[in-house]
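Next come two complexes built around subunit A: one with subunit B, the other with subunit C.
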Partner chain A sequence: MNDINILGIETSCDETAAAIVKNGQEILSNIVQSQISLHQKFGGVVPEVASRKHIETITAVTQEAFARAALTYQDIDAVAVTHRPGLIGALLVGLSFAKSLAYALGKPIIAVNHLHGHIYANFLENPGIAFPCVCLVVSGGHTSLLYMPSHHEYHLIGETRDDAAGEAFDKVARFLGLAYPGGPSVEKAALQGQPGLYKLPRIFLDRDDFEFSFSGLKTAVMNLWRKLEKSGEADVNNMAAEFQAALVEVLAEKTLHAAKKFQVKTVLLAGGVAANSLLRSTIAEKAQVQGMQVFYPSLSLCTDNAAMIAGRAYVQYMRRDFAGLDLNAYPGLLSL
Partner chain B sequence: MLILAVDSATQVAGVALAGRDRVVCEEFVNFKRNHSEILLPKIDRVMKDSQCDWSQIAALAVTTGPGSFTGLRIGMATVKGLSLATGLPIAAISTLDVLAHNVVRSPALVAAMLDARREEVYFSCYDVQDRFPRMLLPMKACPPQQAGREILDLIGATGREQVILLGDGATSYHDYFTDILGQYLIPVSPHVMLPRAAALASLAWEALDKGQLDNSLTVKPIYLRLSEAEYRLQKGVS
Partner chain C sequence: MELIIRTEEDMNKLGETLARILNKQDVVCLHGVLGAGKTTLVRGIARGKGYQGRVTSPTFTLMNIYQAQEPIHHFDFYRLEGADLIDLGMEDYLQKELCLIEWPEVGSGVLPGEAMHIYISLAEEDYDRERLVQIEAGGEEGRRKIKELEQIVDTGC
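For the complex of A and B:
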């Protein structure tokens, strides 16, 4: 059979990304134009600012993806695009662009769920992953646990009731005066500090379900910090360490609990927060004890990128799961 | 040769295929703003109904705004994608120019106005005595009261006796403009009140003749307004 080259386009949040992936496996190019510096002064992603940047850079990023892959436009077999979930205005830039590009090239359009893309990042690097799996998708927009019996089935078994884990990192970082984005800056501060010196709650850990809640943890950080400041004992690094430990413990426990309940031998981590090394090592250690295998993407494939979209699209391409010219974008996670 | 014109900058979504002296096909809808669902199917129908293929197209055209931020980006992203795939150049025309082009060779002063929400309009004024509109004021977002004053000033300065208001901004503030412009105001029929892709194509031919063309990399939206967050940051409000 001929090789299948798929162009992926991803604009669901604050990265403008295009990538070409061969046969769902080989990354021929993976271009990510990050907007982080643009949103830094606002302390978080501003949807309208993100959309404006996407429309400015989408062409250059796509051209770069073709140039790096050394392919012409006619060499691709399909155009894949993230159509949900995400910032609606941002999604619509990539969606409109990808659809018309595919249309004018006479190629099929493949609509990819962003979360499926994140999960697929694991398969890009480890094609032999055995099903069924439990997947933890943790990012600035999502904290979801999924049960995945095959490449085509995703069952949402729990998600956050309020803040996403990455959002909690951002908010706490902002409160503690650490840089945006909060994930890397809190992790860095935590390395200098020690968990356990301050005591933060592990919320929902004692409950027998797969829901998460992080807004209470954020409030606990704020309350405790104000007390410590009054008594002159406030240490940013120790607070960062305890916050990270509390958040990771909840994520790890719930994930392992889900893996046991669904009797899987494989656990997948995905999303920007899956770049956190404490989360990786904690889940890996706990899983090993249970005889489970844990996979997580390399750092550059954890955060938003289009290679994961093009990769995931290959599975859909093989089933002829194509979208029409009327494909729309949706902010929500519907139809997992 | 033909120009494929695409407009989704306002509640209107329109696609037209037009030669230099002939409109071949036009689809127009002024209904809900579900542009991302309907725009590309419209393009497909217009191409198919006209038995047109890309080799017959000389250029693409798009409205750059002002208008709804999301709407104009849907149109622009669509045209950027078409341009990248086909290598065709893009004529980028302001939505207000396209509106103004609905009135041709009239001695009346034409004010093009789009409802910008928040008690403002996107606005400019045009001389339309020639075949193509000539802009008399820089485009801006302003309260309708300011637009009204500027129109009256232009009437005073140019001695025009007639004013034609175009666009949904004129509709939204109809009573106000009727009050202040009184005897100068000439009512027009609804089919010229909204941006038309055929008018966009006509202006695009003009741009093509003058060599004023963009491509997928260079074409840029015109917002006339900062995003809310940038505005707040600039004002020092948080």
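For the complex of A and C:
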């Protein structure tokens, strides 16, 4: 069979990304133009700034993806693009670009759900992952547990009631005066501190379901911090360590509980928060005891990128799951 | 008007009561520090309007839409510091469908003067304690609604 090369385009949040992946496996190029430095001064993503920067950089990023892959436009078999969920203005830039390119080249267009892309990042590096699996998707916008019997079936078994885990990292970091994005800065501070010196709640840990809530944890941090400041005992590193420990413990326990309940032997982590080393090591240790295998993408594939989009699109390509040129973008998840 | 809210459950209930006086032209701005209870109040309003699904923080997507009896638009401008709002397309919804806006401060130039403003503050900056809720309105219709609310709500004061 001929090789299938798919161009992936991803502009759902603050990265402008293009990548070419061969046969859903081999990354020929993976270009990510991050806007993080641009957003740092605002302490978060500024959507309108994001859309404008996507427009400015998407052509160059795509050209670079072709140059690194040493391919011409005609060498690709399809154009894949993230169409949900994300910032609507940002998504539309990638979508319009991808549709125009696909139309001009006479190639099919494949609409990829950003979360499916994050999950697929695991398969890019580990082709032999066995189904069924339980997957924890944790990022700035999502905290979801899924049961996946196959590549094409996603059953949502639990998600956050309020804030996403990554959002809690960002908000707590900002409150404590740590840098944006909050994940790496809290993790770094936590290394200098000790968990357990301050006591934060493990919210919903005692519940026999797969729901999460991080808004209360965020409030508990702020409440305790205000009191510690008054008594002059506030230590940002110890607070970061306890916050991270509280959040990770709940994520890890619920994920392992889901894996046991659904009797799977494979656990997948995905999304930007899956880059957190404490989360990785905690879940890996607990899973090993249970005889389960844990997979998580390498750091560069945890955060937003287009290789995961092009990789995921290969599965859809094989099923001839193509979109029309009337494809639209949606900010919300709608369905998994 | 001013109210004292002692529990999360009471904040939900206040939202449910507010739902009875709000209709689709209304714009409600919710002010308060992180963790004050803004999203909880929105959840109560959505429940009061018959929406049973999830009400989560729209910080990431900027806007959630809840398909209640009539659609409810839940905005969050937390991440919009320093940027203008014109391109967000808000004018498609404002004063046409019910809009509930968290962190509305950066939108003051775009939001209608008749908007209702709800300020939630912590008693002595202590998250464990009660919340003080102040409700104000810019327009005649809003002030009439607050009078109506005063008749049907337990102010806790």
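The definition used in the following text is that the second predicted complex is superposed on the first by the 336 of 336 C-alpha atoms of A that agree within 3 Å, B and C clash if a C-alpha of one lies under 4 Å from a C-alpha of the other, contacts with A are read in each partner's own complex, and residues count from 1 in each chain.
FYI, a contact is a pair of C-beta atoms (placed from the backbone, for glycine too) under 8 Å apart; a residue touches a chain by one contact, two chains touch by 3 or more.
Only a predicted model underlies this, so the values are computations on that prediction, with no experimental measurement involved.
Using the contact criterion defined above for the overlaid structures, shared-chain residue A:G140 touches subunit C, although it does not reach subunit B. In the superposed model, A:A179 makes contact with neither subunit B nor subunit C.
Of the two partner chains, subunit C is the only one that A:S215 touches; subunit B does not reach it. When the shared chain is aligned, subunit B comes close enough to touch A:K99, but subunit C does not. When the two structures are aligned on the shared chain, A:P331 is found in touch with subunit C, with no touch to subunit B.
Once the two complexes are overlaid on the shared chain, A:I4 sits clear of subunit B and of subunit C alike. By the document's definition of touching, both partners, subunit B and subunit C, reach A:S51. In the superposed model, A:A164 lies in contact with subunit C only, and not with subunit B.
By the document's definition of touching, both partners, subunit B and subunit C, reach A:G89.
The interface of subunit A with subunit B overlaps its interface with subunit C at residues 42, 46, 48-49, 51, 88-89.
Within the complex formed with subunit A, the residues of subunit B that make contact are 34, 36-41, 43-44, 54, 69-70, 73-82, 84-86, 216-217, 220-221, 223, 227-230, 233. Remark: subunit A residues 41-42, 46, 48-49, 51-52, 55-56, 58-60, 62-63, 73, 88-89, 92-105, 324-329 touch subunit B in the complex. Interface residues of subunit A, counted against subunit C in their complex, comprise 42-49, 51, 85-89, 140-142, 159-164, 167, 171, 175, 215, 218-220, 222-223, 226-227, 331-332.
The touching residues of subunit C, counted against subunit A in their complex, run 33-35, 39, 54, 56-57, 59-65, 78-84, 87-88, 125-128.
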